[in-house]
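Structures incoming, each one as structure tokens.
Look for chain A in each of the two complexes below; its partner is chain B in the first and chain C in the second.
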Partner chain A sequence: MSSNHYIPDLSSFRNKAFFVGLAGVLVAVYGMTSNSEQFMRSYLLAFLFSLLIPVTCNGLLCLHHLVGGQWGILMRPLLEAGSRTLWINLLFSIPILLNVPALYEWARPEVVANDHILQNKAAWLNVHFWSWRIIFYFLVWILLGYYLNLYSNEQAAGRNEEETEAAKEKLRNLSGPGLVLHILTLTFAAFDLGMSLEPHWPSTMYGVLYLIGGALVTMAFMILVMRRLTVEAPMSHLVKVNHFRDWGTLLFAFVCLWAYVNFSQFLIIWSANLPEETPWYVKRTQGPWSTLAGCLMLFHFALPFLLLLIRFNKKKSAILGFIAAFMIVMKFLDLAWLIAPAFHEVEEAGHQFLHWLDVVTPVGLFGLWAGFFAYQLGRKSLMPVEAAKLPTGGHH
Partner chain B sequence: MPPVKIEHADVVLVQRHSNTTVTDKIAGVVLWSPTPKQWFVIIAIAFMVLQLLPFSLGNLVVQGIGLWGINSPVGWGFDIINFVWWIGIGHAGTLISAVLLLFRQEWRMAIARFAEAMTIFAVMCAGLYPVFHTGRPWLAYWLLPYPNTMALWPQPRSPLVWDVFAVSTYATVSILFWYVGLIPDLATMRDRAKGFGKYIYGFLALGWRGSAKHWHRYETASLLLAGLSTPLVLSVHSIVSFDFATGLIPGWHTTVFPPYFVAGAVFAGFAMVLTLAIPVRKWYGLEDFITDRHLENMAKVMFATGMIVCYGYFLEVFMAWYSGNEYEWAMLMNRVKGPYAAMYWALWICNGLSIQILWFKWARRSTTVLFIVSQFVSVGMWLERFVIIPMSIHRDFIPASWGMYYPTVFDWGTFIGSMGFFTFLMFLFIRGLPMISMFEIRTLVKRPAEANH
Partner chain C sequence: MSTYAPPQEQTAQAQHDPADVYGLMAEFDNQEDLMKACANARDAGYKTMDAYTPVPIHGLTDALGWDDNSVQRIVFCCALVGMSLGFGLMYMITMVWYPMNVGGRPNFSWPAFVPPTFETTILLSAFGAVFGMLAMNGLPSPYHPVFNNPRFIMASSDRFFLCIEAEDPKFDLANTRKFLEAQHPAEVVAVEN
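This part shows the complex of A and B:
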């Protein structure tokens, strides 16, 4: 091993991401001038899509500190960089916090006045409490990410085994409660930001959809970053074929879990056939949404399931990278399928589909986020802190 | 033999063994070491308790299921509670042998065989309940779709029919997995047994000679079976949860049920593995093989799945309020302060509160604490099914049809009898077959050169 310090030159990627992001945001702002209602809807989708990865970085880091495993040793610096971007997502949330009534019907007094159930829910679903909750979630996430990074730096800077052990102990002690906090806050963030778009529809599974979906898209994104980093030394020496296989296996597990939780929710609601629950699916299985639902079954589950079953595909980083990129796109479509139909009534949902802003705004916001991610990636050495635990020998 | 002092409890195998001593110790339990007196005591008690089963089931078959406490409005009582409880207990075995095998976790080796045996016996106990609930168990094969002249065909939309397939698949794959894993060890037993035992083990070992070809086929078969079993960990208890969740009853109909049931199953299963492994390893002096590290890892899995279960309880409470649905709210209020409220609060104490001690390492390392927590969890998971099943249906949408559910002596007899049945089979297994996989433990033995590290 040559040195313990490695910072890749990601300036060109960073600049490209910023450029694409800025271009996307500018076009979206142009779209806002003609259709501000649609802009806010697209903006919520974009906000959620760019939020899933950094939030889940915290969760995966906690998981790694608790259970260990080769998969996390090399991925840790990347996940830490991801969790350092969360304050950008807090900035992204400002337009939503300023425009709650534009997005959520429970925030419009004239709607609540005529709706008995919304009146029952007003104690939870009101603009003030809701906004403070969102800020609270961000506070938890940013602090969790901050301490995960802080103790990790302490571990890396440890001069002797005692100091590194002490830092490791701190990480472990933080990660147990940290994981609990991550799961609870992301669940409730999903309820507040996503599920309350259709405030009459409750599903206890909804938070799990975001937990699993977040893990899936984060793993896919980090595989892509790893693929880029392993082009050159020293990462090309450190990362072995088996690492890609492990990451591919995790991606496979998340793909299966995604299908499992989505299918379970669908089956339970379809079987019971209750009038307060089925509209959610009726909207999402009409006209073009139905085609999208079919595509998700095929390309968010069946195809990656088959591809990732084959060991060869997981070992070849080029193929795995391709599958990972594909999964990010599919995850975006999945999120769009969850969010976008919520703004339409059942009768009209079949005549609407994704607006062009639903594509441009997420590209813009995600591009900006990716630029900040690349910037954070360049701020700390990517050499794994626990490099001693990596297998020696063998080639990439 | 003086009690074994553990110096290196942080390992998956205390390194003072050679291949021979591993085999001698584990095979010896069955073949030549004196059987500890506790074994005789436990199996005698278990055999006596087991007699409750033919008594209560025999009466049931002769007189009909009116002997049970189920009636309108509670049509599902102990039969379904205990079915779900037993099926859940089996899940630890499948998780340990299948999922942990795929994740290449070394610590699974010492406890896998034991937990798999538990799976099979627990599924046998579970299977009793729905079969006898039919009232005419000799016609239970009507549940299977087969061509017949009576125009009988199971309703494919019914989760109860999915249960038939899920549980029978689960039983089949579990038995296959367990047996395939036993074959190399059965051959070892054959080679060491004297007298008639030689022929029995020899017959069961299917001609295993330990050739490279045999090992190659063994590895392929066990990997394939692990792959087949892994979805079963999720599917069996998910389908059990569909029995309730696809219905319309508040308390049953909630979308998070499948993953929450699966977590609960693993939770209960690990509690049962700990309940059995802690005394057995002490009585047989197996601390070198089932180390404190094993117990701690099991405690961690139990804790993690327990926290997922609490997440499910918490969401149920939150959604009952958030949904704004008065029936959901009434269901919650009935749990919190209805006639069965004590059981609901006991559930939170057993499954929510008692496991919080496992945050601490000293607690996860203490066999006493683990044993006590495991008892709480076993009771708590039974209470969970009681809270879900009879408590949701005893007060339905029409107050005029409300009622109470009380189990009868035959309900209790079947339940306690099935515990005797389970314990009896477990202790027979311990006496007759190597309870720890010898050939897998041998792979953990370090050669002298490595052992110095």
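This part shows the complex of A and C:
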């Protein structure tokens, strides 16, 4: 604890993640040779799943700089490492940017020619403007992450209180507009990448689903990373039982918010019962998708809600880690439920379920991302900058 | 020393009839000393004690070693009751008492039941939280012995108090006073019932 420099040896985790990621991508590429259409659909799912965590790292960092709290002091270096991986996600987006018409019907001229609504939306939904928007979102995210890291480094390197205070002031001033930017860009990215798969269907709640889902999966992932980091000193001394309780409580809050926004969207559309809005849900409640929707209600909300109500489960990092891992899987299934049925018509949706590529491609891309995350974790000390604010008593 | 106490008691605390003592109260002029004293008392094995502060102090309950979840259990039970009542009410209205065709939807339209069910769950949980908290704190309480220390009124402005109560099995007038005096208090006073 005397040293304020700590970099864990994560090389074995990093190598495993890269190995799993490469294997997944190779198998997916093999799948592409026989079914390139399905590969692109699965690739979009994989891209979105691996994007949620690094993007949300920016948002949670801004939130922490604005409101403070014990939960963020220890998690900050992890979130900063996450936001430094965003350029990998920019690389991941290249296959999508090159294959827009394969995924989005508004990008196919023959479809737009026969569709008056799509013609009216063409000013927003056209390949050029859309592609530049995606690049613009990434530019905002990468810059936001860059400055969050830069000022944080300044704070850590500050030689006196004046310098650290100046850096903290910069962080606070960046985080207000930064959080607004994060919410706006992620909302519009969700509209562009996800909602425009079914361009006739609008929902103002759609972006919030990604914001909340991102916060949920990021918190779950970081809890798992913390579990790994606290097996050895010095993190095992720094991280107290109450930190895991706080993170568990945040996870609980995001689980509730997820259920709230999903149900709100459903209730509004179900009550209005309008023909241009209901097909989205009709599709997602056909055959196996209906079973998946029921599973999501039970296992993405009801079960974790009850488990995380109990303080004991949040204080035992092993139990909380298990819940967190479970939530990452459920979040993936939730995203699959949002994305995968979009490619089928209402009549045929019940006869299709997740393709094997829908599982292999996300594992591949997420594995590669996790490898880069482990690499970024190893590039900066994980000792909290504001370690003085941590409690000294108590035991892990 | 408390102003109401007769002078001879200032030198001979043992004259207190132990049955009349509610507890020993230590006064601190800053919250750091209070937090340290609470944690030391907890570690020394004292359980029946309470701290009184002019402002909420984060972590004070942990320092006091409080681990009482009874309000949580009350709230959870109230939530279950509220949920059942809300859903039951919607069910009885739409299925039994006044079945009506609304926009061709089935009578058992559970999505529409959710908001009222949610509201009744929250309502009864809030009742459980407020009234459960009052009940577990023994409130309303028109009389409380801590006010027998005339300086206790300072707990509302800028003084911090820790009171180890006589009910505590470890409580001993002489030893507990010695313990509290070792915590750098401004003063230690025996509070009468």
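Keep this in mind: the second predicted complex is superposed on the first by the 396 of 396 C-alpha atoms of A that agree within 3 Å, B and C clash if a C-alpha of one lies under 4 Å from a C-alpha of the other, contacts with A are read in each partner's own complex, and residues count from 1 in each chain.
The rule is short, and it goes like this: a contact is a pair of C-beta atoms (placed from the backbone, for glycine too) under 8 Å apart; a residue touches a chain by one contact, two chains touch by 3 or more.
Here the structure is a predicted model, which means the values were calculated and not measured.
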Using the overlay on chain A, decide if chain B and chain C clash or can fit next to each other.
clash
Now for A:Leu267: first (chain B), second (chain C), both, or neither, which partner does it touch?
both
Considering only touches as defined above, state whether A:Arg311 meets chain B (first), chain C (second), both or neither.
second
Identify the partner contact of A:Arg133: answer first if only chain B is touched, second if only chain C is, both if each is, neither if none is.
neither
Once the structures are superposed on A, label A:His237 by its partner contacts, choosing first (chain B), second (chain C), both or neither.
neither
Quick check on the superposed pair: does A:His344 touch chain B, chain C, both, or neither? Answer first, second, both or neither.
neither
Touching partner for A:Ile117 - first (chain B), second (chain C), both, neither
first
So, does A:Arg108 touch the first partner chain B, the second partner chain C, both, or neither?
neither
Contacts of A:Pro391 with chain B and chain C, given as first, second, both or neither
second
Which partner, once the models are overlaid, touches more of chain A's residues, chain C or chain B?
B
Tell me which region of chain C runs into chain B after superposition, given the options 77-85, 149-157, 167-175 or 185-193.
149-157
Do any residues of chain A touch both chain B and chain C, and if so, which are they?
267, 271
Okay, in this complex, where on chain A does chain B touch?
117-118, 120-121, 124, 176, 180, 183-184, 187, 191, 202-208, 256, 260-261, 264-265, 267-269, 271-272, 274, 276
Contact residues on chain C for chain A in the complex?
39, 59, 62, 69, 72, 76, 103, 111-112, 114-115
Under the stated contact criterion, what part of chain A meets chain C in this complex?
242, 263, 266-267, 270-271, 273, 309, 311, 391, 393-394
Enumerate the contact residues on chain B facing chain A in the complex.
157, 159, 231, 234, 238, 242, 245-248, 253-259, 307, 311-312, 315-316, 319, 321-325, 359
